[in-house]
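Next up: some structures, all given as structure tokens.
Two complexes are shown next, each including chain A; its partner changes from chain B in the first to chain C in the second.
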Partner chain A sequence: MDWLEDELRRALARQESPDGFADRVLARSGRGSSGARRWLAAAAMVVVAAGAGGAWRQHEGNEAKQEVMLAMRLASAPVHRIQSEVRGMTQ
Partner chain B sequence: MKSLLIACLAALPLLAAPQQFHLNLDSVAAKASDHVEVSLNASTLQFAAKFLDSSDPDEAKVKKLIVGIEGIYVRHFEFKSAGAWSEADLEPIRAQLRGPEWSKIVGFASSEDGENAEIWLRTVDKKPAGVAIIATEAKEVTVVNIAGSIDLESLAELGGHFGVPKVNPPDKPHKDE
Partner chain C sequence: MLIGAVETGCDFRALVRQHQAMVFSIALHFLRDRATAEEVAQEVFFSLHRNLHQIESPAHAAAWLRKVAAQRAIDEGRRRSRRPQVALEDVGEPAAGAKPSDPLLSDLLRKLVATLPEAPRMVMVLRYQEDLDPAEIAAALEMPVATVKSHLQRSLAMLRGKLVRRGIGESGWTG
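Coming up: the complex of A and B.
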């Protein structure tokens, strides 16, 4: 069994990592998580911008609608008055 | 003549055009206690139409009515006392409506309450192209220019639905002229 013990000891023996290995791993892992964070931030910004744009469009649309309704109220009142007068004359 | 007047109030297919006369009413504005200015061009009208609720009776009518309108320009003035404004203040408007393209199609004047209203039609190449409305009372003046196609009969009906207009000026007037 000596040969087996020798093989196991050799296989499981502690080996030093190459120079700079730890730094390279840390650098890579750091770069990966930073990129993911950037993507998440960008996605969040797009969602927020889309939401804000939609809300602003809704606000502008409602303002425009109110102005149209006001214009129509002011324009229609005298036309209705004239129509009533003319119909009154003809009846 | 009367039937002609009614016929004039019937559907008028008007052609497209931008604001058709200058609403130069500075002298009226100077005397008014309140005034409303609305200037909406075709793109603003189309944009607003998307937000008009078809399930609301008034909004549904307006939505249908503004199809074909290329612009609507309204100036409405209110005065604290009768006689604050004079006919001379409206002369800049009337001078423009004396042009060959404009003709007065209907109007009425009430000596009892001093109420006046008139509708002018603009024709270009023998085709209706716009409407001007001048309405005055002792303490109110309203001048309207509608460019494009509008059914005056429907507009009159809308006035009946709305009743006496309540003026709620927007925060700031739209300037799309």
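Coming up: the complex of A and C.
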């Protein structure tokens, strides 16, 4: 081995990483995973809210439909009565 | 993942503490900028964190980190290539009396290595920082072993020539 290679080994020897480097990496990688968990939770909440909204709209639609049907039934009763009265008079 | 980490012996916290100097130094010796080297080293470990499930053993982790650190440092060097870099003319002369084992000579060598093109520069870093043999360097940089050997020979010849022109040789400062 020649002197230049020895000098290169000395010159390019490993250096200590900056103070607190490992702590910063561990803190940021931990934040990354908890951040991902928060995003997943938020996405799940959006899906649940969208589903609940759809169910609520369907429930409201059913109620409105039942109200219309009831109104039609109520309105059709006098019409039937008048029709039968007219039918009796013509006979 | 925890079970996997116990089985493989690859605990992320331990890997960071064990290999931080290696990863940081590869980036530092290649880029010659401590702040950028720290950013690159952090990115390398975040990448390891995302890919920890692929790591099979502590030895695999070390090789993986070395390879990714080299790749990320080269990528960062390319991004910075538009900015001014160390030119050979900017490399200062060592003070009179510089001789082998002198800190000034080490600094001069680091600056001269920094003037090499990216591939031979990373080859030199892996050879003399990590003490890898040409086959290991070829695997890490995904290049033929013959190319690694050629980079080593040419880089050493170039460095030797520059040092001789500055009056520095085996027998020390001769100027």
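One rule holds for everything that comes next: the second predicted complex is superposed on the first by the 73 of 91 C-alpha atoms of A that agree within 3 Å, B and C clash if a C-alpha of one lies under 4 Å from a C-alpha of the other, contacts with A are read in each partner's own complex, and residues count from 1 in each chain.
Definition applied: contacts are C-beta pairs under 8 Å (C-beta built on N, C-alpha and C of every residue); 3 or more make two chains touch, one makes a residue touch a chain.
Bear in mind the structure is a predicted one, so any value in this text is a computation, not a measurement.
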item: Chain B versus chain C as contact partner of A:28, first or second or both or neither; value: second
item: Partner chain in contact with A:18 - chain B first, chain C second, else both or neither; value: second
item: First, second, both or neither for A:8, with chain B first and chain C second; value: second
item: Chain A - residues contacting chain B, complex; value: 58, 60-87, 89-90
item: Chain A to chain C touching residues, read off their complex; value: 2-18, 21-22, 24-26, 28-29, 32-33
item: Partner chain A, residues of chain C touching it in the complex; value: 12-13, 16-17, 20-25, 28-29, 34, 38, 41-42, 45-46, 49, 100-101, 105-107, 109-110, 113, 124-125, 127-129, 131, 156, 159-160, 163, 170
item: Complex interface listing, chain B residues touching chain A; value: 2-3, 5-6, 9, 36, 38, 40, 44-45, 47-52, 58-59, 62, 65-66, 72, 74, 76, 106-108, 115, 117-119, 133, 135, 142, 144, 146, 152-153, 155-160, 162, 164-168, 170, 174
